[in-house]
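Take a look at the following structure, please.
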């Protein structure tokens, strides 16, 4: 294994009996990871993959049902106050200093501006080991250890659209009536909507990451209208639903996640993760520890986190189009061609394959949206939990039901 | 229907269920305006015959003629027959009146008229007071009369009854059979009544048709069938007869024609096997030579003057003219 | 159980279902080792009485004594009674042998012994060949005999039978009643048999207990009940009787004691209402003054010498000594 | 007789009573209580408030969703009843041997024992824009453009409902039909009734109880559904069940509870009305 | 044979169409589960293979099909045994018309008609409010019982409605204690119905989705897993799973039917004359 463990012998012997229960979305709760953990660290990691809402629900209401929560930052904002998770000591995180700035001070590069919405660093730190608040500086106590993140945009079927798409507003273009889709996860969907509304020129939000009730009503009003006019073919809740919609041609333009595009492409179907003028809607995920985790298990969990940031998982995820929290360790687990294609935005020099071996790109292809800096530098907003979240959620439900 | 009474005829009628023969080439002419009983043991084909006449069972071979018209392939309601079912088959969801009016409703007769006609029918069977009840609220005898009224309202030329009395208790059974008989007389149409009770058949029938094993074993006026059974089967089935094997052949003799005398003084010797008191009579069962059972029906007074007990030896006497030779 | 025969006594036994009175303070002593029939119309309380004796229904008031011991509150199996159910209640999942051996199994008798005993019992009812069959594979008569064997293996002092013959066809019914009667004689225990057929009761019973409306109307030897009914109800229910209202009171006269003469020459005048042929007899029903029905049972030969038809006027004669005064 | 029938009865029924008390009664009470609480995204605040009901009854969406729920229930009922009755009638009155009746009846019931979700998704390759149905229609020249409304539509929802639940009509109706004395049919025929008249005047009234039981099943299953509507409408339509499940998904338990209470009341009232037409205990 | 009316042929055609409707989709996915290795969720077939079935037995990218399958079996058996036992006891109890039976009966009807999601919600709330952990074997088990018990009980009511009391009276007459009556008479006679209740108990649990949704806790049962797969899996492996679960359900019915048939046959054989030389 590529890790150096400064662990006492007794640890090494007991660890085989340890089982950690992790849950999260299908994005990162991959059995390959559990297998690799068993191989590298010796203990058992049980993976449960759920949809985003179920993940939130379990993190908030069933603290005893897991040891490790693999959740998104906006979920953290909802559930941290419930006290089900424990703060993590950054001094125990070997690669803490190599974690990209986005998760520490919010800045990709020292000069970057911070996008609207629930940016990860705003909910990434708490005041101390028992803190239930969020603090806006690197306090040494993290709520989540970042794992993966990405800049999301619209996915399109260029073969079925046949013209360039450059704006978020195209989602509501009547040209795509009955062939558009949006995801039915309120905290994410409302941000896509906001991007569309601004792109349409209907409204400019002072802070779309924290809308007022009127703004929420207006935003959802526009989309409800579109829904009633038959703009949408379907809504989706997990990326694979979006894959099926796109691959089957039921939908030609929709909010989409990066691996979904990868999946569509791996079937030999043309699909583009279309960079848009208004920028990306971004998200980040991380690992949190259950409050009830102590002793040997907690030690194992820290081992696991350190291993996670050590590069193997990063490489694995990067090969699906996500970004790793510590890109430089991932580089060790990727070929030069892969690193160039996925991270640096260079043209592929050889076939690019998915972790399961399907060809995703041929030599000469360039990743949609270019390099890491280009993409993460154009983030317009983060998935959000607003002050009026409660109201938004109810209105969202009305929108779905309307 | 016309007032002229029509006769019903079966011409070599056969019924097969799959390969099983239920009715085997039966021919019979039913006399018009008479009461006929189809009598026979269970499974002999009585119901099948009746149901073919009614049109509820197809005829495998042969024809059924009513007034010389072949009705074998007509639907039940077009035949001029009506059927009264064994357990009456009253519609449980309809009142007595609506049950009786059912066939008129099917014909499209309007509500007022059909109710009036049904009420008339109920009058006939003396049920006017119960017109609004549901079948479940009636006693067995009342149900039977509703079923009758419902069948008769179609003005059939032939009324078919499948064991109409079997659901009644013995007391009621005797009363209702008198009513049936009177009704038939009154209406002047043919009744064909299936039963396996010979007393019922004797009491009711102008003509008895005894069936056995898918064929008609004997048919004729009740008295003739009882007094002059042609076969061993008929003699035994009709009851009240002894069948005795003598050197000259098999003979039937009515039990009441057998006398009991002290041992040694009869035509034959036997010993008593059982005594059954029957009110007016006492039946003395005895075993004679050749392991044959002979029953003597002795008037009660006579018996109790000189009672016998199982095991006693007795003599049996009869008048030779009462011996009746059987053909099979 | 002991070989000494014990008598059964009902002391003012009452059964109420809610407020409905099914059996009203009935007292009766059943004679030991005799065949008793409980006879009466439907709903008169026969089954309730029998089931109280068996222990399947609690006694509301009064007691039931067997050999002077109050058994009213004992469980069924401890009473020294055994019951044969109307539809036999043979256990459908057990073979004939296992049905018969059931009570021994419950007692913990080991398999070999109980099978041997059950086989003996089957021998008694002549069913050895069918020991391995299931009840569903038996005819009605065979089932009845299994039920008998199963009840008798408990060596009861009293065997209770609720309409044991009603599920059989008339032919079989007559045969099985002879078997029942013989069995009772052979075993020498008491049989109490519920029926609503008076012919069955007459044929079987040493003693007949006629019930009506929750009470015993008359009890006595079969011949006494038939020949000397005490009440109008008994006279009518037993059949074979006319009840005539004369200035001196109500009288019963047996139908076979009434003669038919030409009009004008009898003790009374009437007109024929119906004729029922009964084989040995013809029953001539007539209406006399006061709208009373009188039935004369005329030997068939005599009748057909001078037949009558409905509507004919006839004379009716009887011997005054046959008139029998009724008490109610 | 039995010394204390009440005591024995209670003892034997206690496991049942306990299960129902813990997993039916308590939960319903709790839902009732929680419907008057409020919530944040991560916790429930146990303080009495009408807020949930205010919001529920204050939103026009609620009414349209309830209406939609009834619409699904009624259309599905009408279809399952017509199909179920016809199938049951065919099996009970047109199939002559009992062996065949049982065989065909079993054939009808087999899908009932398999996974509802699998049965639901089985429709997707059928109905999609490039699915079997559309390909066939296009290749036969019936349509030029694929029909969009085959999938992700009310049509698809109702199709799936009918597919899943027709059996619930067939079974009880078939059972009651089989109990109709065949001689009643003969008696009707004897009285001159045509096939149609027999159907209308005899069979239909005598099958009422089976129809009611089937109706109770279908109506409650459709009214309580949330998954079929989501799957088959592509999340585009909603019924009350979805309203609740969306709320639950977003941790709005009090709001979900309020909707649930209203749904429960609606269902129970509907059932109470249906039960007036049939004595279930007698029909078993 | 008797001639058929015209309506017979029309209805036969209708029945055939209904069968097509009922089985068509299942057969379609049955066919699609043999999709070639490169094929997708819809037609056309790209070759024929058992690839997706083999794939099913390999570890999937996410989830744990076989773990959830074995949980579903265990849970199904738990529910089955409990349903049979509790239904029989309940059925027997209801014959005594104890006080409160009316209310309980209406509760059973309520359990039958209450939307499943309410049970899920309510049981979930109950456990969270009392600080208990939801688990498929506790809360999930209880929630499923609210669905299987009404079915089991309704079957038992139907059975006991038709059960001839004189069997029990006869047994008591023959000296059987109440327990012996139950053991040697009642249970054997109602055994075929109990097989039916068991079949219901098992398959209803095995297929139950809604009531388990919020009550299963950390580990998925098979329907939850399948549901998860419909949102996480984009290959015909889903159809392979669908085909296999359908076959498994059929196998379960087969097993129960066989048990019933063997029981019948054994009895019939015990009672037949075959080879005994009787008569």
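In order of appearance the chains are A, B, C, D and E, and numbering begins at 1 in each one.
What we mean here is this: a residue touches a chain if its C-beta (ideal position, glycine included) is under 8 Å from a C-beta of that chain, and two chains touch if they have at least 3 such contacts.
In this text, all values refer to a predicted model and were calculated from it rather than measured experimentally.
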* **Smallest count of steps, each to a touching chain, taking subunit B to subunit D** => 1
* Greatest Cα-centroid separation from subunit C: which chain? -> A
* Asked: Ranking chain pairs by contacts, what comes out on top?
  -> D-E
* Find the geometric centre of each of subunit D and subunit E from their Cα atoms only, then give the gap between the two centres in Å, rounded to an integer. => 18
* **Centroid spacing, where centroids are CA-atom means, of subunit C and subunit D in whole angstrom** => 56
* Determine the centre-to-centre distance between subunit A and subunit C, using the mean Cα coordinates as centres, and give it in whole Å. => 90
* Could you please state the distance in Å, as a whole number, between where the Cα atoms of subunit A are centred and where those of subunit D are centred? => 39
* Structure fact -> The positions of subunit A in contact with two or more other chains are 61, 237, 248
* Got the subunit C residues that touch at least 2 other chains? -> none
* Asked: Listing for subunit E: what residues touch at least two other chains?
  -> 2, 41-42, 230
* **Sites on subunit B touched by subunit C in the complex** => 41-42, 169-171, 174, 178, 181-182, 185, 196-199, 202-204, 222-223, 226-227, 237-240, 254-256, 274, 276-280, 285, 297, 300, 304, 310
* Which part of subunit A faces subunit E closely enough to touch in the complex? -> 21, 23, 26, 29-32, 35, 47-51, 61-62, 64-66, 237-238, 240-241, 243-244, 247-248, 263, 267, 356
* **Parts of subunit B lying in touch with subunit D, wherever the complex brings them together** => 54-56, 75-78, 82-83, 85-87, 89-93, 102-103, 105-107, 150-151, 154
* To do: Mind listing the subunit D positions that touch subunit B in their complex?
  => 181, 183-184, 186-194, 197, 201-202, 205-206
* In their shared complex, at which residues does subunit D touch subunit A? -> 39-43, 55, 59, 61, 64-65, 128-130, 148, 151-152, 234-236, 238, 242-243, 246-252, 255
